[in-house]
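These notes open a run of structures that come right after.
Two complexes are shown next, each including chain A; its partner changes from chain B in the first to chain C in the second.
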Partner chain A sequence: MGFKKRGAAICLVVLLSFVLIGNWGCSFNKIADSDSVVIWHWMTDREDAFNTLAAKYEELTNTKIKFELFTPSDVYSQKIIASAQGKTLPDVFGILGKKRDAASFVKAGHVLDLTSYMNEDNDKWRSMIFDKALSLGEFKPGNVFGVSAGVYAVPIDLMNVQMVYNKSLLKKAGLDPNRPPQSWNQFIEYLKKLRANDIGGFASGWAETWLIDSFALNYAFNIMGEDKVMATIKGDASYNDADWIKVFKLFEEIRDVDGLVSGVVTMDNKYAEQLFSNEKAAFAYNGSWCVNVYKGMNPDLDYCAMMLPAVTRKNPMVIWGSAGAAFYVNKNSPKAEKAVEFLKWLTEEDQQVFLIEETVNLPSNKKSLTKIPKVLSQFADDLNSITHPNIWPYEESPRVTETFDKGIQSIIIGEKTAEEVAAEVARVKEKILAK
Partner chain B sequence: MSSKRISNYFFILPAVLIFSTFYIYPFFKTFQLSLHSWDGIQPTMQFVGLANFKDLFLDDKAWWSSMLNAGYITLWALTFQNIIALILALACDKALRIGSIYRVIFFIPPVLSEIVVGLVWKWIYNGDYGILNHWLVSLGLGSLASDWLAQPSTALTAIAIVHSWKGFGWAFIILLAGLQTIPTQLYEAAYVDGANAWRRFVNVTIPMMVPVFIMVMILTILGTMQGFALILAMTGGGPAGHTEVPVIRILNSMKNSQFGYACAQALIFGMILVTISFIQIRVSKFLKQE
Partner chain C sequence: MEKIKRILSEISIHFLPIIVAVSCIFPLLWMLSSALKTQQTVFKDMSLMPKVAHWENFIIAWGKGGFSMYFLNSVLYTVLVVVGIVLISSLAAFAFSRLDFPFKDFIFYVFLAAMMIPLPGSFVPLYVLLVKLGLANTRVGYCFSMINVGLSLSIYLLKTFFDKLPRDLEDAARIDGCGRIGIWWHVAFPLARPAIGVVTIYNTLNVWNEYILALIILQSKNLMPLQRGLMVFQGAHITEYPLLMAGITITIIPILIVYLFLQKFIIKGLTAGAVVG
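Let's turn to the complex of A and B:
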């Protein structure tokens, strides 16, 4: 090969390398250079509604809004983390995870503090939104995460997890379809009767451990009260305590009456939803999003929502709930102000009503609540009883939570007793505390 | 340095850049992260030395259970899957007229998506409406019907069977290719010497196939130990962690924002796989010399 040819080849190789690296860099800067306010989300069911609202907003304000969908939620979550590391977050994004994840984003300087916007004009924006929904994206003074106090997230809608029951199946079993079980003992009696009539009892996607976790913790709040639950998470009380054993015993009871549908511990929630909508189970534990899901699966399904039947009246029954979707504004975005303005508009009554009509979710705007469908209003009735780990002052270690949830699965499959699980969780907790 | 040498270095530069960026850097970064506690988001990481490894070796029973689970599925794949693959490869090697059709049929399961296969088999195994239980009842074996994936006694084996069904096509193709490289003269010579079919198999086929067997074994072990999509689709690691495998544990650590710990798990897992492969290669060399 002659010198000229070799030189040309070297130039080509170097050029290609630059092109490669250049393109790489360009792709990183693409988001920052865009004219639109870019919003990354994960909600397939809300994609069309978001795009319609974006078009409407552009018409009104001449500000372009670009919703970009990334699914499934696991992938979305990893994408957000990777983008935070690469400093390529969009103008608006969601954080799917626990409070500590949101805290990490805030501490790393990725999230804009919205407190001043919320408090403008005598708390105009803040007063529009349900306090409980807002508190999920709020950090109180002196929080355990060390985050400066403030509101960091805008809830677009709400969700809570409750019990639903099939009225036709209750009737078929000789039970009053207008009088669902009022207590845990009555619930167990209902399940016995249903099983005696060869009707599937209770379904839930308990392969998804957060559903077990929420179910069990709801009853923990009911049996021992919030203070004791918090004391346990903090490390001042033990999981080996009699009250915790009572919580675990509930799963033994429901197992012993054959009240759970077959394979509940390896069942994802989608399958549990199919079972309930196909009338293969009379009860289900599911989130308020199920109204939309059941409507799609079986529009004629005759069902109602109810609070979980309490074990005792000593303490109030709580339900898990949180912002169904909450958006955070990128602190480093040059379009942060525009993004905030859009989110304000999105949480106004008209837009919230439009979202309810399109997606059948609970709105975050207080005034929109009057315009929701019947079953959804049964979910909405109990919004004051909402709790969620994201608003608790302490957070349980993931390993303890894992042992707790797997322990309950073990009880359901008859592998362990309530006492054994309580002891095991307590042991893991002690190890974590010792560290 | 001569201009020729410099130009040579320029030519390998893109390859070196790509290899360094996508292989060497991630490896060292993984090692670095494994020595830290990091949630994946904050710019600062807390150095914890070997604490993640200590935690993994001494405190994480679920991790070692997941290793055992993966080992159990691998054992099924090494025996059940590969023996079936060998039998089918031997059958196809005997110049069956429709051998090529079988080759295509046997290779269908490996090209299917693991998630799709997992979901289909989840339905087959379903305790209430599954075809398997339906057949058992139809055959008068209703007492054997079970909720296969929800019972700890059957869940892992049920997954191992599906994994073997899905994976035997790869082994079949490799073994068939190996069988076709054995010179027919060897079989003819053995036949002339009075060797029956079994003796020919034991004294000709097996010795000639040892390197292929070793390769199939290495690929089976690496592929099975690292498998997880099938399990995610079928059980999600349940019931109560009875079907969890190491990759699911690593994934869970990452989901829990324990990136440092996840990297420690990944490193240990990688080292175990490299050690197993290294031992197999040494054994292969030893057998070749023999």
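Let's turn to the complex of A and C:
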């Protein structure tokens, strides 16, 4: 009978353990904390700053704010989707991904429309925030997603993608470090000169296709104007058009002068950042977050940010930008009003200045711009030139975008010509339209 | 001449294992080396031995990552889940191997099919189920889910082992008065030690390194496993490499000890079919 006793004892221990941890666990089994406004986010670098602000807000208003960090961002996205299905979303949350992802949350009834709060007291809240930043979380009347018009997201900070240049390396190549290239042709001349002096030219993580996509589309806006780009996406113009071939030719040009650092199409952005911060490349195409990144990698790096050098003056140069962090309020939360009050407070000037100091990101509050570091202010100078696919009226098919980006990679490695890529993208687009 | 031949033979025998061993050890050395550098030197100093070793990175990583709490959680989850998997899978495998019941093969193949489903594919239904059972954001919910994740392969491994176990041993035990549970406990389980060793190592590694399911199921920071501590050092744009490497070094020490302790069972487990019983 000994084995029976031992077996029973083991089973009892295991059972007791589960009961114990079950009770232990169940004490936390409140998805929505009854006292606090719970905010889920994925931003490790802002965690400490958020917690400090939460403590300050509690002191001021007696309202508890609880930031919960879930990272990495791709798993965070899965968590948000699972929580929406399980109806356990927190009071405030961020939605990652494209605008259609946000649209599906709004349509499913998970997101509070903030328009009335924004418009209170003669647009007091709305007027504090950059229009472009706000438009990223706004759905216009008659939008393609079928979402009721309104503002649904509160941008906490901003980011945009521009060019940065190393002043010391320009000087070393005999170029004026205070006069970055003003036009595309001048940029190509700079790259030639850098090459002649055996200095790395242009680095960007073009293995991450969105970086190629944004770079190419910025130039498409410059060469043919926004209307024609939109007409192409809508299907009214062709990618085989001479203007699109001009866009693809830019990559041939930069390749032919050997202006790119080696391996750029297989390089992720972290490695490109490392190259630029180690002074192995004089130019880089990177987002405003890079100020913080370069500060960590090489605090002595002498560099500036600049607008992309335009090909033509016919149309304005644009840059990609979006909300670095944007929060949505859970429509079904009993603490929705408290959450809105906190988000209003978070976007006020003082809190935004604190966030800039702690996280070195661009603020969403217009008035906070005067208090940002020098390089960051150079990124901020061009905030009015921001564009982003999330605010365009039409959305390109992922298959077309993939052919477009991979085609550019092929041009860079000399596999295809601009004309071939243009024809290929046009073919894929026609197939999509035919469907 | 004979000596040269012997040396050449020795070199040819050991060359490949040495290369494999170096390629396995090098990343660990690189990790340790990076853990001793600063955020600036980690990108510039490519040497394995940093000029100034920053041992304090381990203390900072421990504190900043909140490892004390996560460490205890991970130990608890690993022990409970592995014990749960070993007990349930050995009982189930024994039943599949020795008992006759309706739809036995069908149920077994369902278990095998479960191995083919990628974990991310089951996140949403699993989470919704746990919410409905009131087990979301609980330790018990997470442990049950992890036991569920580890069962299929463990049952498959142990059933294969039990299938080859001579029935004479069971008959002898039965004559001695053992029932089915007694045979499992006194005969099958002890003889399956090599296979159980493999199941234990495999699942210990799996549970110790698991993070994604924990992130989906658990909300409270207090319930998170050790891997959550490492994520603190990885931002969307900035990664604190020295602290991350120091954190990873800390996290692999316990698993390394378990592995060294149980490694003999891996070889035994792999060759178990030949000597079973």
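As a working rule, the second predicted complex is superposed on the first by the 404 of 435 C-alpha atoms of A that agree within 3 Å, B and C clash if a C-alpha of one lies under 4 Å from a C-alpha of the other, contacts with A are read in each partner's own complex, and residues count from 1 in each chain.
Keep in mind that, in the parts below, a residue touches a chain if its C-beta (ideal position, glycine included) is under 8 Å from a C-beta of that chain, and two chains touch if they have at least 3 such contacts.
All values derive from a computational prediction rather than experimental measurement.
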>> Tell me the contact category for A:S104 with respect to chain B and chain C: first, second, both or neither.
In response: first
> Is A:Q85 touching the first partner chain B, the second partner chain C, both, or neither of them?
Replying inline: both
>> Once chain A of both complexes is superposed, is A:Q186 in touch with chain B (first), chain C (second), both, or neither?
In response: neither
>> Just checking: does A:T370 make contact with chain B only, chain C only, both, or neither of them? Give me first, second, both or neither.
In response: neither
> Where does A:G263 make contact in the superposed view: on chain B (first), on chain C (second), on both, or on neither?
Replying inline: first
> Which partner does A:N384 reach: the first (chain B), the second (chain C), both, or neither?
Replying inline: neither
> Residues on chain A in contact with chain B in one complex and with chain C in the other?
Replying inline: 6, 10, 14, 17, 78, 81, 85
> chain B touches which residues of chain A in the complex?
Replying inline: 6, 9-10, 13-14, 16-17, 20, 74, 77-78, 81, 84-85, 97-98, 100-101, 104-105, 107-108, 110, 207-208, 261-266, 268, 280, 398, 402, 406-407, 409-410, 412-413, 415, 431
> In the complex formed with chain A, which residues of chain B make contact?
Replying inline: 7, 10-11, 13-14, 17, 39-43, 59, 62, 126-128, 147, 149-152, 155, 234-236, 238-241, 252, 254-258
> Across the complex, what residues on chain A touch chain C?
Replying inline: 3-4, 6-7, 10, 14, 17-18, 21-22, 24-26, 28-31, 42-45, 47, 68-73, 75-76, 78-79, 81-83, 85-88, 270, 274, 277-278, 287, 289-290, 292-293, 296-299
> For chain C, which residues are in contact with chain A within the complex?
Replying inline: 39-40, 43-44, 76, 80, 83-84, 87, 120, 123-124, 127-128, 130-131, 134-143, 178, 181-182, 185-186, 211-212, 215-216, 219-223, 231-240
